[in-house]
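In this document, chain identifiers A, B and C correspond to the written order of the chains, with residue numbering beginning at 1 in each.
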Amino acid sequence: MQLSKPLHVKSLAERFTLKLAGNEDLWITGINEIHKVRRGDLIFVDAPKYYAKSLESTASCILIPEAVSCPEGKTLLVCDAPFEVYNQLVLEARPQRTQKSSISETAWIHPSAIVEANATIGHCAVIGANSTIGANAVIGEFTVIGNGVTIQPGAIVGTDAFYYKKTAHGFRKWRAGGRVVIHDEVEIGAGCTINKGVSGDTVIGRGTKLDCQVHIGHGAVLGQHCLLAAQVGIAGKTVVGDRVVMYGQVGVAQNLTIGNDVTLYAKSGVGKDLEAGKTYFGAPCGEAREMMREMAALRKLAREHQAKPRSGTN
Amino acid sequence: MQLSKPLHVKSLAERFTLKLAGNEDLWITGINEIHKVRRGDLIFVDAPKYYAKSLESTASCILIPEAVSCPEGKTLLVCDAPFEVYNQLVLEARPQRTQKSSISETAWIHPSAIVEANATIGHCAVIGANSTIGANAVIGEFTVIGNGVTIQPGAIVGTDAFYYKKTAHGFRKWRAGGRVVIHDEVEIGAGCTINKGVSGDTVIGRGTKLDCQVHIGHGAVLGQHCLLAAQVGIAGKTVVGDRVVMYGQVGVAQNLTIGNDVTLYAKSGVGKDLEAGKTYFGAPCGEAREMMREMAALRKLAREHQAKPRSGTN
Amino acid sequence: MQLSKPLHVKSLAERFTLKLAGNEDLWITGINEIHKVRRGDLIFVDAPKYYAKSLESTASCILIPEAVSCPEGKTLLVCDAPFEVYNQLVLEARPQRTQKSSISETAWIHPSAIVEANATIGHCAVIGANSTIGANAVIGEFTVIGNGVTIQPGAIVGTDAFYYKKTAHGFRKWRAGGRVVIHDEVEIGAGCTINKGVSGDTVIGRGTKLDCQVHIGHGAVLGQHCLLAAQVGIAGKTVVGDRVVMYGQVGVAQNLTIGNDVTLYAKSGVGKDLEAGKTYFGAPCGEAREMMREMAALRKLAREHQAKPRSGTN
């Protein structure tokens, strides 16, 4: 997430009593996770095995538990609990606010947009022209909805990421600083759930249509003109190309890349990146034609095997 | 869908400047898709490969892009964009209306029925005697609910069909002219989603019970006294017989017929019609006993194969 | 369920005109199903094959259709329709009440707890300190929510069990006398559904986190610090240990026991008890490493088989 007001590393070091190493005159302009990091961003690292990756990233400032050697121009802030400082900074930039009124007074809704009965519109949400928010739908804080979008009744957009840090005392929740961004002419089915990104945005591309009860995890990015049938689930941070078609109950794991024009048959389970233009099936999935051939071959084998169960050589 | 006021073919030809061929004195009494068509209905066709099927159907009037030979007694309306005219006619018969109040003033609710807090009841919905609409549930426009029906909290009934026409500029949504019809003594679980039919009705038969988070697609027809466990999905226009039992997370593809008294074990995926009285399992599913035998045989084979991985003949 | 006021067996026998055998001076202190029964409880049995199990249970009073021999100290109430009397007694102890106001006047909400817009809080619900009930969420009657709990928007907690008795005229619903009990620091994702227990409680243990669209069936008990990813389903009365991790779209059948520290990979289907500390995969699932090896072996076999389809010996 971008900060609305930059933070100086010295003021941070003072406030949290952190040891500062390297560049002492840096303004931090954003807070991010390692995979979304840009110049000017602060990140944190707490496991030694990720030190190198973090120090070599484009991050300008790193919260780190040890005073390691600092790369040229960057700032290290050494502290015992890097995650706690990180999470505290996100909470200050994005304070938790209660949703007491059905339509927040800080939401911006285009005059041509329609909000139906019992829908809830969160703080700082934006809703474009000719869009419809169906009855009993929930649009969470900071969600951006384009023009000509239809959110069917009972859809829940912009809720918290399912993202926790394991500690000795249980799971600590990351405060989600990201948003959900829905482009023009998208349709979101009844009962869908779309989570905010943790530090980046969850994005639904122009013209994409989601059937009912689809789940989109934190930070996932869907391309344009995709069709996702009912009960499909896409886990966090996965990137889906344009014109992708997923039939019912498909599941896609996190951090994957699905190429353009991929088709996934019903109930497929995806655990690795998929190449553009191809059709897949199965759980774990493979190319559909190959999977069909394999299934037919195995079925034949199984029958032969049952017919001669005591065969000496097989 | 049936039209509340018939349309004369000549007035249509004039209004949309269409070329009229065949019967010049026909009253259109309904608008339909090809698979639901009745005498008196108007349909559309835009791909030459479907011309024959459309012309030979019981439809009385066909919107078609070419002036082909017209069957005896029927009317052809020749136009460049048959779907656009079709969709416009549905929109006129079933104009889109916003749901601003929790309970529409055009809904009809039996005095003995109960509507709980934060529920939304759509335009022209009908709710029978001794039925309960749970908290935060949504009953969409034109939905018909019988007597003694329980809609659990948060269920969403009568939302738009997931049905689009692919165009050069993306997906164009069909205006759904159908309804959801729920017969007596049905129970719909929390978080279920049931879509309206596109031109016909989605039907839930008498005494059928749905657990939570079940999805029923547009125009699907469920028989009497079925039990569908949680997270089952039935795709559009599939017909399910009486006393069918589906365990959790089963998925059924579209346009299929599932016979009476079929049982489907958990997580099964159905891609073809299923015979009455049988028990199925797997994805894609087969008869349960056979599938179990096959699985056992394959497991055995796999173990043997692992034991002698470099075997010359196998 | 515990009765708030004990019932004397003689008064029951008189009111329903039942024949009483055995102990004539017994106070019934609870009503239960056979698998949850405690001393002082009334149960019912209607199939002769379950007579022995019921008579030998710790139940103190048994509704039964035949005057069989009565065990020492217990009471038999002989009646034609034991289930009808049982269900009537549950209905009297837990009468059905309509939820007309968003927040029931009989709910108890800690002053530090937050209830967001359009949420519904049921009769006799209890919500602890620093807990948040998200927008449009539903908390059903008698639900108990601990401290520091977050219920995301649109979650539906404490709805009726999917539990019916088959009769000649269709399915008769059991009145659920149980509750949902959610311990401290639990998080429930958007669109989740959690059913009440039929006679016992559905329990979510301390620190456990549920992603969106998870379903938890009636009477299921989840341990502490579990993580359940999106679209997981747990069927009724299953007991899940501590620190269990389930990836997306896993399904677990009813009446099972899942040990501590079990991990279930995405889309797994569980049909039997699972041992503590192990990792499982597949549907039906097996130990993950073994299943992976089997899949690889079968894939290799299928390819060999395809390469020589007319082989004489295989």
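Convention: a contact is a pair of C-beta atoms (placed from the backbone, for glycine too) under 8 Å apart; a residue touches a chain by one contact, two chains touch by 3 or more.
Owing to the predicted nature of the structure, the values given are computational and were not obtained by experimental measurement.
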Superposing the Cα trace of subunit A on that of its twin subunit C calls for a rotation in degrees, to the nearest 5, of 120
Is the contact between copies subunit B and subunit C built from the same residues on both sides or from different ones, judged by whether over half of the numbers are shared?
-> different
Between subunit B and subunit C, centroid-to-centroid distance (C-alpha), Å | 32
In subunit A, what residues contact two or more other chains?
-> 118, 136, 154, 191, 213, 231, 249, 283, 295, 298, 301, 313-314
Sort out for me which residues of subunit A touch subunit C in the complex.
-> 98-102, 118-120, 122, 136, 138, 140, 154, 156, 159-160, 162, 164, 170-171, 173, 191, 193, 195, 213, 215, 217, 231, 233, 235, 249, 251, 253, 269, 271, 283-284, 293-295, 297-298, 300-301, 304, 313-314
What part of subunit A is in contact with subunit B in the complex they form?
-> 114, 116-118, 132, 134-136, 150, 152-154, 185, 187, 189-191, 206-207, 209, 211-213, 224-225, 227, 229-231, 247-249, 266-267, 283, 295, 298-299, 301-303, 305-306, 313-314
